[in-house]
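Letters A, B, C and D name the chains as they come in the text, with residue numbers starting at 1 for each one.
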Amino acid sequence: MTNLEEYGEVFSALRQTTPHWHAYTRHAFVRGLGDGSLPKESFYHYLKQDYVFLIHFSRAWALAVAKANSLDEIKACASTVNGLANGEMQYHVETCGKLGIPEDELFKTVEANENLAYTRFVLEAGYSGDFVSLLATLAPCVFGYGEIGLMLADDKTSDTYQDWIETYAGKDYQDVCINAGQLLDQAVINRFGKNYTQLPIWNKLISQFNIATRLEVDFWNMGLRGPCANPIAEPNGT
Amino acid sequence: MTNLEEYGEVFSALRQTTPHWHAYTRHAFVRGLGDGSLPKESFYHYLKQDYVFLIHFSRAWALAVAKANSLDEIKACASTVNGLANGEMQYHVETCGKLGIPEDELFKTVEANENLAYTRFVLEAGYSGDFVSLLATLAPCVFGYGEIGLMLADDKTSDTYQDWIETYAGKDYQDVCINAGQLLDQAVINRFGKNYTQLPIWNKLISQFNIATRLEVDFWNMGLRGPCANPIAEPNGT
Amino acid sequence: MTNLEEYGEVFSALRQTTPHWHAYTRHAFVRGLGDGSLPKESFYHYLKQDYVFLIHFSRAWALAVAKANSLDEIKACASTVNGLANGEMQYHVETCGKLGIPEDELFKTVEANENLAYTRFVLEAGYSGDFVSLLATLAPCVFGYGEIGLMLADDKTSDTYQDWIETYAGKDYQDVCINAGQLLDQAVINRFGKNYTQLPIWNKLISQFNIATRLEVDFWNMGLRGPCANPIAEPNGT
Amino acid sequence: MTNLEEYGEVFSALRQTTPHWHAYTRHAFVRGLGDGSLPKESFYHYLKQDYVFLIHFSRAWALAVAKANSLDEIKACASTVNGLANGEMQYHVETCGKLGIPEDELFKTVEANENLAYTRFVLEAGYSGDFVSLLATLAPCVFGYGEIGLMLADDKTSDTYQDWIETYAGKDYQDVCINAGQLLDQAVINRFGKNYTQLPIWNKLISQFNIATRLEVDFWNMGLRGPCANPIAEPNGT
């Protein structure tokens, strides 16, 4: 079984710095997935928001291609973009379909503020910063889901959310984490050398990783809260 | 006295479309400024967050210079950037100083999620879209504060937050709104022609304006809530 | 056989506006490919520059994913990015290998000024403008190579550069052009409506397409000139 | 008199690395300014191109505000943007006016390929990289003009281009260079620490500075060549 250390040394170092990591990976939403106590309504709400999330997550990985410094970085990120946009999105639509949520309902999802806060923070960090800043803000999502998957596979007490857990605990997703860990390690070392934690820029990366983790906590809060009882009809601007 | 119509036709058309405009401009925080019932603690919390906000707001106007299509657009936005970064920021620091909030406390402010949600949404809309998308997401802030200032100057029942109200009701800020309104009108017409509301892109601008307004509502919510009782010490990454 | 009209109506309209289209598509370099008179040295020089070009071209298509407004746009551009980075780049390396140019020589290619002028112009138009501006500056390359391929397949008098001609005249590349044409047409219509040529922004797109075409002419000039006899050793910054 | 060492240690270190620095600062165009042999036609052509250059140069400094990490960086760059857009542009228009080139002729200038190659390279390096990459590509222009100004003030043999020489040799411009040097030094040290030349990223900065210098050489080539005898009428896309 995958060990968290396989996610690489940069993630490991960043993970230790944020006071919010526990709140994120041991959130009530997560515990509710493990013991089956999460209300279906919350889960469905989360799935719909996650559909919108994946769109912007794909855009962020595409931005990483544009900001890459080497052909290896370009190839790695391009595979991820394509996998997300032409693979994972489709899988997500099918999963939701099986649960009775049709694609046009997914498509009409009004993006919650907590959802857009995270993706826009990531994208903006990428646009305003460099490739490494972009990866550092993507990291809490990529690796956090891997860690949560492994943890829940190990200690879940209910099969209610078995499919979700297997998705993230499974070899495919764990390989995504291992590859992303190597990409992040190489990217940092190829720019800042082996003693990167001694450089001032390391504090910036810690800060960006920390904020992104805080925003992930809010994402779970949003999921747990579920849909508004009386949502305001929003103008449709797509 | 300035009339809202002087803010230009594009803002006027966008304002009508969003279901959140009333929630934003008539928010309990705003009413508390008018009748003096807003707790000092909330106001100070808001001022500290606003300091961080102004930094990213300046960056957004700078991005508008980079994305401008004409020398007139460049000049208008460059003046705004410089006014914000080298004028308004200083004024804000002095105002806070008078209220007993020293600059180093402002500087240590941990940016609230609701605060960064708005500025990163604006910046990302600007980076991913064009000049007009950037202005459309800046618009709820620029014009909303103008409208709130005028409204409170007219119907306030307390002098507690008189200085704040005068700042936004005063001629200087109202002129900012009038100029920004002309800039927005010209930018839209110079790209999309006079019948811009008939084009599909108008729906995109409506959507972006609407989301930005929703995020402003959350900014007031954050202000009203005040600082956390037991904040988590965050890593400092500047 | 593919007809240029299948490249879509936006490209067709833009193509008519630029005074440089003929200079680009009927350049001496192109004629030399058709009649076999192009010196091998020029062709090899072009291939090496094209390797660097493809890297930045991939980045530009990735930027298009980040700037897309819809899932369809994201999917289309993500496929292109992946096809370029993980397919075409490899094909290019193999083609050069067969001609006796090893990959490490490709990798050490010093990017010519005329080469970077085009890709940086495209990328910057994309970053500063919107999705449509990005596509409009990519268009001369995408469709121009398609048109040149068809033309040379029809009237070539030599088989010396047969492989190159077949690559761009062949069904695979022609399908790329047809799909890109549909993407561009839909992108323009979904934003600016059917009467887009009546809008001021059309003039901006004409200007961007025209400059990009001019830069393509310079790219051929660079190819024809061949490598410098006594190149200055450049610092290696990858 | 200003000493080149006052331009800071980062510029000094970068300057030593590029094989093109001499070709740039001792270009025939520059020597022609010093001994008065530069044809008026070339100088006027250069001035018109420089007008377009300043527009994009202003945009690049504005992008630096958006990409800044600290309030000090924001303030410094915001002043520069405003000085360029609302000061230097006006001065340039007046200077040209005195020489008989009216503003509307400046405005109709068709941007030469060598001109746009440099500014788009800078802007793209800024968008794709970080604040430091942006400054490193702006540096050859900022500091090179300062060095050329000092050199020509010292050894010119003609007063024909006295005004131009005084502009760049004068205290105002030399102070711009000194301030930019401090900004660059601080930006690098605040991110990468004092031993930045030992880090892999230093090679990237060397490469970016070097390419930007090469593009400045081409800018002088373009100036020297003068306007085309029979220019093609370009579509006007502003």
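Throughout what follows, a contact is a pair of C-beta atoms (placed from the backbone, for glycine too) under 8 Å apart; a residue touches a chain by one contact, two chains touch by 3 or more.
Keep in mind it's a predicted model, so treat the numbers as computed, not measured.
> Select the chain at the greatest separation from subunit D, using centres from the mean of Cα atoms.
Computed centres place A farthest from subunit D.
> What's the rotation angle, in degrees and to the nearest 5, for a C-alpha fit of subunit C onto subunit D?
The rotation relating subunit C to subunit D comes to 180 degrees.
> Please state whether the interface between subunit A and subunit D is built from the same residues or different ones, using more than half shared residue numbers as the mark of same.
Comparing the two copies, subunit A and subunit D contact each other through largely the same residue numbers, since over half are shared.
> I'd like to verify one number: the distance from the centre of subunit A to the centre of subunit B, where each centre is the average of its C-alpha atoms, in whole angstrom.
Spacing between the chain centres: roughly 30 Å.
> Please work out the Cα centroid separation of subunit A and subunit D, and write it as a whole number of Å.
Result: the chain centres lie 42 Å from each other.
> What is the distance in Å between the mean C-alpha positions of subunit A and subunit C?
Comparing mean C-alpha positions, subunit C is 35 Å from subunit A.
> Could you pull out the residues of subunit D that touch at least 2 other chains?
In subunit D, 59, 66, 69, 123, 127-128, 204, 238 touch at least two other chains.
> Taking the touch rule as given, give the residues of subunit D at its contact with subunit C in the complex, in rising order.
Those in contact with subunit C are residues 17-20, 59, 111, 113-114, 116-117, 120-121, 123-124, 127-128, 203-208, 210-211, 214-215, 218, 232-238.
> Residue numbers of subunit D touching subunit A in their complex, please.
Listed in rising order, the residues are 66-67, 69, 127-130, 133, 189-193, 198-201, 204.
> Flag every residue of subunit D that touches subunit B in the complex, lowest number first.
Subunit D reaches subunit B through residues 55, 58-60, 62-66, 68-71, 74-75, 77-79, 81-82, 84-86, 89, 107, 123, 238.
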